[in-house]
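You will see chain A twice below: alongside chain B first, and alongside chain C after that.
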Partner chain A sequence: MSGVSTVPNGSADGPRQELLARAAIDRSCRAPVLLFAGSAVLWLLVGSVWALLAAVKMHTPGLLTSWEPLTFGRVRPVHLNMTIFGWASMSGIAVLLWLQARLARARLPFPNLLIAGGVVWNLALAAGVWEISAGHGTSVEWIEIPLFWALVFAAVFAVVMAASLTMFARRNVAHVYVSQWYLFGAVLWFPFLYLMANALIHAGFTRGVTAAATNWWFAHNVLGLWLTPIGLATIYYLIPKVIGAPIHSYHLSLLGFWSLALFYNWAGTHHLIGGPLPAWLVTVGIVGSVMMFVPVVTVGINHHMTMVGHFHRLADSPTLRFVVFAGMSYTVVSVQGSLTSLRSINEINHFTHYTVAHAHLGVYAFFSMAMFGALYYVLPRLTGREWSSARLIKVHFWASAAGIALYWGPLTVGGWLQGLAMNNPDVPFLEVMTGTVSWLWGRTAAGALMTVGHLVFAWLVARMLLSREPAPAVAAGPEPAGEGA
Partner chain B sequence: MTLVYGMIWIVVLGFAASAVGALVWAIQHGQMERFGSAARSIFDEEEPVGTPTDAFPRSPAERRP
Partner chain C sequence: MNRAFWLYLGVLVTVVASFMGLVQIPDHQLRGLEPVTDEQGVERPVRPEGGVLAGRQEYIGLGCLYCHSQQVRPEGFGSDIARGWGMRRTVARDHVWDAPPVLGTMRTGPDLANIAVRQPSAAWHLLHLYKPRLTSPGSLMPEYPFLFTEQRVELERPADALSFPTGDPRPGWVIVPTQRARDLVAYLGSLDHSYPVPEVRP
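Entry: the complex of A and B
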């Protein structure tokens, strides 16, 4: 195992030294980060196929029903686990490791262990979705994968955690940048939540109402304490770095982090409004959700004010397009989430497609777009190769952006109408169901558009990773990482 | 069951302690001061403030040899 030593900060030795130091740090991340990122893209593709299948089954329920693994009850959790633990978590870990190394100005430690971790993660996820397809899923949302494989994920989390802490201990910079706070929030808190929820639910210590409360406390924290901090850390680093201007208000950025740390993990019980829980427990979740206005407003103002005067750069930078789209979506999804947690609104949208649209706004329009933007920035610096086509990057952006907009908008309206109809005792349930069909066709079309974007992205990544051309010198040191990189 | 109750308390207290501990550490180690220089800590002489670091790839014809 090599690459554990740190590199000098370089500020005393001038720009060239800094360039070499940064290139050496980027290079130390190469194999583990490329493995996690490449795997993430593969899971994104397979996850998209299962997503489309689930979407089509919503309006054409007779499709592929004769074989149990392709029935809706299994296809839907397989899609969720592939996209959350495959695409989102693996791209998140890839970006997290690279960001931690850059921000600590220390090389990535334990490369072989992290590579092994990436391989094991892939195997565990493949086994997990196989189990779900075979009918051995746990039927607990977001924890469908059986306990054994969950423990394997936890072991890989431990390696990622150790690498993060090691880089922090060996950091060559005095200040802990705001992105690092977010990344530590993700990497130090989430694995314990994951273990805890799995242990409590799968080992039979919670049942009925308590299992549901544990379930949604955890499931919401997948977004709140895992995907959100990684996404925000990415945005807080890449917007200033790409445009070359510091964050508008550093005060606000830290206020945003600490208020998120304080409020977000309370929010989960808003999923159980109207359920047989003690009212105070649900109210606690609603209070936590509404208090999320504080970090969301601080982040929204900060990102916007940082971009003021630089919006024209969106035309030049692929990373910036995706990341700014992600930042704006974070504000929208969070405001929507806080409002949706209110009982008066929730009684309409609960059990409708509105909630599905909201979840995709969070995981796709915010988190996935942030990861796309980050990978457009990171991969050229690790491989030393340029993206092969500006036009295809634009096709990816517009397919994904238009796809999620067409997904979220109509499904939100359709879901709301569905909710109003369900609350009206004069409307027969079957009529409510048939009323959703046209909206669900729209959802399938939007999903197909997003999938086109994923195929284009995968093609670009494959061309970069599998290129037989010898990599130019950009990542090796003496040249900058490419003006176009 | 005792084991699980113990674990719940360890996780709950560990969470709270880690957040409070991190905040105390941050204040004691000057992380809550000099915010102007903190915001600029991701820049250096090679990639200074004012230098964009990302652009669409140019077409092969436009690239340097």
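Entry: the complex of A and C
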């Protein structure tokens, strides 16, 4: 436990050497990280189209029904897979690789293999959503893509894992910063979860309700042990980096990490409360969910207390604005998640739009906002170019922030009312259904606002990546501004 | 924290522990479950075969589970039983043949665990799939026109043509279900979990 580290890359080197080394590391990341990040943004756009289509179909079911690939039951999983395995995972991998390189102060290894991996990942995902659209999806939530393509993802993931662990092994720093623990966890946890879930459910090693338990063990851990650690690693890195102050407490970060590792794993079966599983199995899921208060509160204190006294920096740093929004959302979504796992609450919200709103709070308000913030920080450092418009970044932030707030709030209320009505046997079911329609229109409006944000973001990224002006040499000069580095 | 070994160990042990706890132990506990045999000597649940199995595949391929659950919650937890969605709660045994089961997590539409008991008419289901709002005004279910073909009436009306309460939508033409539609309806007609099981006292 020597070298208590509370600042990412606290350095003893002289500034000149430091900058040279940093520029070399960024150069090594350039092509693979830009490929993953650029692909992520494309999937975000396509995923938003499918999201809007699904949202509209929920209140206007007669829309585009004659062409089979656009039936609601396919549009919805296509949206999920594009956003989770396209946008979220690819932006996550981009940020993970860059962060690990920066934190380990090691160059990114296997660049060509990683570039090939990025191309293959895109092709596998395109093939996967094609299969779902064609009716070959598995209808196992979060594992809808057929087994063959899942194995292709796993192969690419092996390369990402090898690159990340190699940098970790070659680290040129005395201490291991908290973000690295989370990144380390993420690259080891996800392939295990993904392979096990696919093998057990799709390769026929299990049947009956055990498959359902496996399904939710996996699906909840996609958020818990893959996206969450990357999101938290990003926040832990960027808040102190931008404000130039250390993390509030090293010991709290230690507690936060290990309690997450210990408890998040077990939370998944809360998706099956009231279902046909052994009672103990569901109870374990509830206990795991409630115990999540420990990491959530410790991480929350650590992030929010670090910000105390620095909130004025939100005005000038877009990265900070996105990342602090993400950190606060993490606290809200996790507290909501723990409460939602309680039987008395779950009795009402289960099977309703409330859960959909909750899932978007996690993947969007927390994870996606953290990735937006990270990409606003990382891309100028890799391209050597500035963002072309501070005003458009503001538009993106407010469209996304207001969009997810308008998505989550009303849909949560609407879902809760839906649950209350469903649990009252005197209300005919058709009335339960029609009662949701006005809330579903609200969801579509909020989704449209979020999509506006994505279009602005994609425009900014495209201008940066496709600019014809030669990029200034990223040599030993000071880091590109836009952010205090 | 600088001891990479403890990081490796901790990260692996935690995830393997949850895998054992949430996947392997339940698998061990439930692996031996068998169907029950009812008074007529029929195994329940009935093992899906032929058209029913093909229909289950349609149910999966069309993504029906994104709006319909197939699990009745216990008495006193929600109002599934009071709504008539089942006589008893769903138990693990009801899904012994399903790999994987389609329990679902959303009820935009009603639970279907016992739809065969509640709505045994195949003609109703076909009409409902073709135009949900004909049978259920205000429903949010999409139409499935691609599961049907439109045919000109030559001499006599095909036996399986849909009969609309307000007459055929296009005079001289009839709507005929495809094999896929018939399979899907056969599957829905198999969803009957009303038989008694030892786990739930009547």
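Throughout what follows, the second predicted complex is superposed on the first by the 459 of 485 C-alpha atoms of A that agree within 3 Å, B and C clash if a C-alpha of one lies under 4 Å from a C-alpha of the other, contacts with A are read in each partner's own complex, and residues count from 1 in each chain.
Rule of thumb we're sticking to: a residue touches a chain if its C-beta (ideal position, glycine included) is under 8 Å from a C-beta of that chain, and two chains touch if they have at least 3 such contacts.
Computed from a prediction, not measured in an experiment: that's the story for all the values here.
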Checklist entry - After the chain A overlay, clash or fit between chain B and chain C? => result clash
Next on the checklist: For A:W189, using the defined touch cut-off, is the partner it touches chain B, chain C, both, or neither? Pick first, second, both or neither.
Outcome noted: both
Checklist entry - Which holds for A:H360: it touches chain B only (first), chain C only (second), both, or neither? => result neither
Checklist entry - In the superposed arrangement, which partner chain does A:R443 touch: chain B (first), chain C (second), both, or neither? => result neither
Checklist entry - Is A:E18 in contact with chain B, with chain C, with both, or with neither (first, second, both, neither)? => result first
Checklist entry - Between chain B (first) and chain C (second), which, if any, makes contact with A:L200: first, second, both or neither? => result both
Checklist entry - Now for A:R107: first (chain B), second (chain C), both, or neither, which partner does it touch? => result neither
Checklist entry - Looking at the overlay, does A:T210 come into contact with chain B only (first), chain C only (second), both, or neither? => result second
Checklist entry - When both complexes are superposed, which of chain B and chain C contacts more residues belonging to chain A? => result C
Checklist entry - After lining up the shared chain so the two structures overlap, which partner does A:R30 touch, if you call chain B first and chain C second: first, second, both or neither? => result neither
Checklist entry - So, does A:A390 touch the first partner chain B, the second partner chain C, both, or neither? => result first
Checklist outcome for this item: Given the options 4-12, 130-138 or 148-156, the segment of chain C that clashes with chain B spans residues 4-12
Checklist entry - On chain A, what residues does chain B touch that chain C touches as well? => result 174-176, 181, 184, 188-189, 192-193, 196, 200, 254, 258, 261-262, 265
Checklist entry - What part of chain B is in contact with chain A in the complex they form? => result 1, 4, 7-8, 11, 14-15, 18-19, 22-23, 26, 30-32, 35-59, 63
Item to check | chain C partner contacts - residues on chain A that touch it in the complex | outcome: 1-3, 57-59, 61-62, 65-68, 71-74, 76-77, 135-141, 168-169, 174-176, 181, 184-185, 188-189, 192-193, 196, 200-201, 204, 206-215, 217, 221, 225, 254, 258, 261-262, 265-266, 268-269, 271-272, 274-278, 281, 284-285, 343, 347, 350-352, 355-356, 422-425, 429-430, 433-434, 436-437
Checklist entry - Mind pulling up the chain C residues that touch chain A in the complex? => result 1-2, 4, 7-8, 10-12, 14-19, 21-23, 26-27, 29-31, 33, 59-67, 69, 71, 73-74, 77-79, 82-83, 89-92, 94-103, 105-110, 132, 136-146
Checklist outcome for this item: Within their complex, chain A touches chain B through residues 10-11, 14-16, 18-19, 22, 103, 173-177, 181, 184, 188-189, 192-193, 196, 199-200, 203, 205, 237, 240-247, 250-251, 253-254, 258, 261-262, 265, 313, 316-320, 376-377, 386-390, 393-394, 480-481, 483-485
